[in-house]
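Below is one structure. I have some questions about it.
The chains carry the letters A, B, C, D and E, assigned in the order they are written, with residues numbered from 1 in each.
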Amino acid sequence: MDLAGLIGLIGAIGMIIGAMIYGGGLAPFVDIPSVLIVFGGTAFAVLATTSIPAFTGSFKAMARMFKPTNLRTDDLVKRMIELSGVARKDGMMALEGQSVPDKFFEKGLQMLVDGADEAKLTRQLKQEIKAMKSRHEGHQGIVKAWIDIGPAMGMIGTLIGLVLMLGNMSDVKAIGPAMAVALLTTMYGAIVANVLFGPIYTKMQSRTTEELEYRAIVLEGLRGIARGESPRLIEDQLLAALEPPVQEKLRAAA
Amino acid sequence: MDLAGLIGLIGAIGMIIGAMIYGGGLAPFVDIPSVLIVFGGTAFAVLATTSIPAFTGSFKAMARMFKPTNLRTDDLVKRMIELSGVARKDGMMALEGQSVPDKFFEKGLQMLVDGADEAKLTRQLKQEIKAMKSRHEGHQGIVKAWIDIGPAMGMIGTLIGLVLMLGNMSDVKAIGPAMAVALLTTMYGAIVANVLFGPIYTKMQSRTTEELEYRAIVLEGLRGIARGESPRLIEDQLLAALEPPVQEKLRAAA
Amino acid sequence: MDLAGLIGLIGAIGMIIGAMIYGGGLAPFVDIPSVLIVFGGTAFAVLATTSIPAFTGSFKAMARMFKPTNLRTDDLVKRMIELSGVARKDGMMALEGQSVPDKFFEKGLQMLVDGADEAKLTRQLKQEIKAMKSRHEGHQGIVKAWIDIGPAMGMIGTLIGLVLMLGNMSDVKAIGPAMAVALLTTMYGAIVANVLFGPIYTKMQSRTTEELEYRAIVLEGLRGIARGESPRLIEDQLLAALEPPVQEKLRAAA
Amino acid sequence: MDLAGLIGLIGAIGMIIGAMIYGGGLAPFVDIPSVLIVFGGTAFAVLATTSIPAFTGSFKAMARMFKPTNLRTDDLVKRMIELSGVARKDGMMALEGQSVPDKFFEKGLQMLVDGADEAKLTRQLKQEIKAMKSRHEGHQGIVKAWIDIGPAMGMIGTLIGLVLMLGNMSDVKAIGPAMAVALLTTMYGAIVANVLFGPIYTKMQSRTTEELEYRAIVLEGLRGIARGESPRLIEDQLLAALEPPVQEKLRAAA
Amino acid sequence: MDLAGLIGLIGAIGMIIGAMIYGGGLAPFVDIPSVLIVFGGTAFAVLATTSIPAFTGSFKAMARMFKPTNLRTDDLVKRMIELSGVARKDGMMALEGQSVPDKFFEKGLQMLVDGADEAKLTRQLKQEIKAMKSRHEGHQGIVKAWIDIGPAMGMIGTLIGLVLMLGNMSDVKAIGPAMAVALLTTMYGAIVANVLFGPIYTKMQSRTTEELEYRAIVLEGLRGIARGESPRLIEDQLLAALEPPVQEKLRAAA
């Protein structure tokens, strides 16, 4: 469970709802037509930017942001060094069936077992990385559309409310409440963009960066094994990608 | 028929019109001079950024966004692997007249039949890809101009309305309705930018990305054939560009 | 005459003036001090960003946007293929005095006649292209300054008007008209940025892109001639830069 | 102690508090629920963009901005030239235990002592530099999130306040104060983005640039030593990275 | 004296002050606390983004923008061609003590006299160019901070004023003037960003571009001399970097 995402999202929404309740209850802040135009209208407009499978797929990609990532660079480096020792001692065949922490690593290892040389390994794993990046960017593009269109829908909703209110100002007492309702869509739009989808978008981007860095280490290590380099050399090279204190720890453990 | 585009656009406009009708009917939201200044003024200003053929051509390019794209990467990969087998077994001549899923593929295949080597094939197909990208960017530039200029025209319209209203405030009762009308152009501008042209622009961009990725696979495959690589090697390389589950499926089918 | 530019600019300004007249005549929209602060103030601030010759030169560059561009890629490709035939048959010397559609082409051709090899030709023409691009970017920078500073001056003008109005609210009847006048500068600023200079800026950018593409074809073709390639090969390569239908037409004509 | 950071931050906050006190005291500017929604809400939303250790780590990274940087390029160049002399005269082994101004330099020196050649040294130090840059960008991303989300939370807070106020306008006297309170969150948001986190973000970016430049010099010098270049040549090359007056001074001292 | 900068700045400020005087005198536009919060507050916040020496150094860099630049590319090209003739005829030694238009040129020439080959010359001059660019970007970063923070401080000032005014609306007559004063800081902020620092920033950027182009020509020419190329070849190459009419003139003069 990604604690930060859950605590953050619940906390931020909690602060907003808390401020509403403190100010007089939630009732003045809920207006079904406003909810429809902002959430529904944005959803439709976002759908129009993409295809139906990509649209539904983006929700799965977002949900994944609330699960913790299982990419641990230190475990990866440790395992890679062990495997480079195995390959050096017993040959590539000995890599068959070795447990590795993720699918990308497994695929590369299988290629080594199948006899791929460094050039082929590199070309194919780089292709995988590129395809992964392009898939992630597709999901991020849809989340970005929510962030861009949400506030615009909020503003359109507010303008609709203002036009209605201004066109009918005979009842002076109704002006205030009408304008309050008109402003709700702007508020919903700001929440959609900055509290709901904004943090998810940022997290998606940094997760992609993390995964790219992780896979770069996998590729680096596998290339070293393919070249038949000594485990010591591979260790030196891979450790440099970790934070200084983690480097110390792993070096001490080695 | 691109369902997502149609449903999305109709749905988003439906939410907006629904909110208007719910609030009191469409009448207060229609004002012909406002429509003219936002849609007409923006159209003219967009025209000024480009040439007449490019301007009219951009509408065709936008209309194409509502047709489904016929680029299926999995079919492409399957067909490419088959053809690489044909070329390997019966020579390049046997590629003549083979059916392929799109014109770009066809052109490259014809070049192979005509005896082009890898260097010539690559140079010419890359030129085609570059020209395609530049054509698409031309269309996108015009759609972007609608998105940039629309809200500005809306704001100019609102300022015209406000100046007229403020200059003549003797009739207090007319102030509200006059301001309502003044705000309409801002609303139209927001709709032009965010509901009409915004999603189309995003879709154009992602379609271009898709087509570039598709053509990169075609080029990759044809280069493999030109180099006389084994179908197995080409398959390995091309599959890496697909999503993992699609890879599994195709590999299983092979 | 660049019809699109003229029609677009006149049309967009026409829509705005039309909306003003429809609303009650032009008089409320003209205020000399407001014109001075927005147009004069912006002109001075733009001048401060650059030098006097560059400032005056930028107007010439903008005026050029209303002339049609004389760069026709299809004529260029046709002529280049003819000349490659001449060079192949009668040697570089035969290129002397051949008519070509533009100065850049002429210069490159003269270099070939003078005996430049491919490396020298490429280095020098690339230098020319770079210098052209940098000249264009200089002009565009000044137009961009109008677009950036215009609305800011409009806002400063409106703030001056508001401060004056708010400081003296004894005459309630004067408040409306004073605020109307204050808003005029914001409106002028929006027109400066979005109707006058905006479309010109976009057009300048796409013209530069066009000219870069045109010159890339010239360079490509001249390099082919310098390498002594066959006209057929040059044709294949150059045609790939054109739109598919134009390609067909030229290929059919050949 | 980084004087500029402290003076700047205290001074800017001082000007703001001064203006408040001058205008009538701090009391009207303090509202606990507003503080909670802007600072608390933003903190939670920022947390959601990242992980708990990264979130807490970012505060340490920010605090470091108030300590002076200990990277002095002139000392570095002087020391590097001395060490290149030592290495040239007494061999790499003589570099063991030499004092150097920072850890990155020390690590590179140790590699030379351990017998690394230029290629290995370069590959590993570049890896370290890349990892450092990516760590810094991680911290900066979190500070950027404060800058982006702070004003949005301020706006949401103001909208909540306005909706409450507009929904209950029976007591005309309460309107002014209610709106005053509503505006506080917008003000807090602007302060969070522009006075508290904005300058820190800019400083983080320029510190990273500085450190990258510093490390590039270290790498350049160590590569020169690894290649066995003369101290004179290394001096020429390294000095060029310094400001002209510092160059003169060091050259004179040499 | 850089006329454009002076005329532009004085003219733009003149238009603004003129509009104020025309509207009723300067008095309503001067408010010392507002001046303090915008200019003082921004200065402090900008200081916090950098170090004290960089902060004070940036003012010198800005002042330099009002001096005309002494970089004349045509003189440079002329002189470089002369010197290439001297080097060709009398050897590198003859370049000693030759007068050149700037320090960078002089340094490169001295390197040639000292016997540097093309590779060393290029590496060291490129290092100088990089260091110059990074110094300029440092200054520009500080000017950019003024442009970013100025309007934010203006907005904070206006919010402070509005909160004070709204909290105390018992004296209806005081509302207008209080709001007028509140708006002053927004106006100051817009002037800081768009009239004072904006044009200087743009000018700094284009001056850097100019200097980079100038130095690229110096480097190009000196490399030609180092390679012992003929003055004619160097001339051809360098002239291509100038505007067409200047090329004609210099070629005619040669």
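Quick notes on this one:
FYI, contacts are C-beta pairs under 8 Å (C-beta built on N, C-alpha and C of every residue); 3 or more make two chains touch, one makes a residue touch a chain.
Computed from a predicted structure; not experimentally measured.
Path length between chain A and chain C in the touching-chain graph (shortest route): 2.
Simply put, chain D must spin 70° to overlay its Cα atoms on chain E, rounded in steps of 5. In terms of their C-alpha centroids, the spacing between chain A and chain D amounts to 25 Å.
Centre-to-centre separation between chain A and chain E, using Cα means, comes to 40 Å. Residue numbers of chain A whose C-beta contacts span two or more other chains: none are found. The chains touch one another to form a ring, and the order obtained by going from chain B toward chain C and onward is B, C, E, D, A.
Here chain C touches chain E in the complex through residues 33, 36-37, 40-52, 54-55, 103, 120, 123-125, 127-128, 130-131, 134-135, 138, 141, 145, 148-149, 152-153, 155-157, 159-169, going by the rule given at the top.
For chain A in complex with chain D, the touching residues are 2-5, 7-12, 14-16, 18-20, 22-24, 28-29, 176-177, 179-180, 183-184, 186-187, 190-191, 193-195, 198-200, 202-203, 206, 209, 213, 233, 236-237, 240-244.
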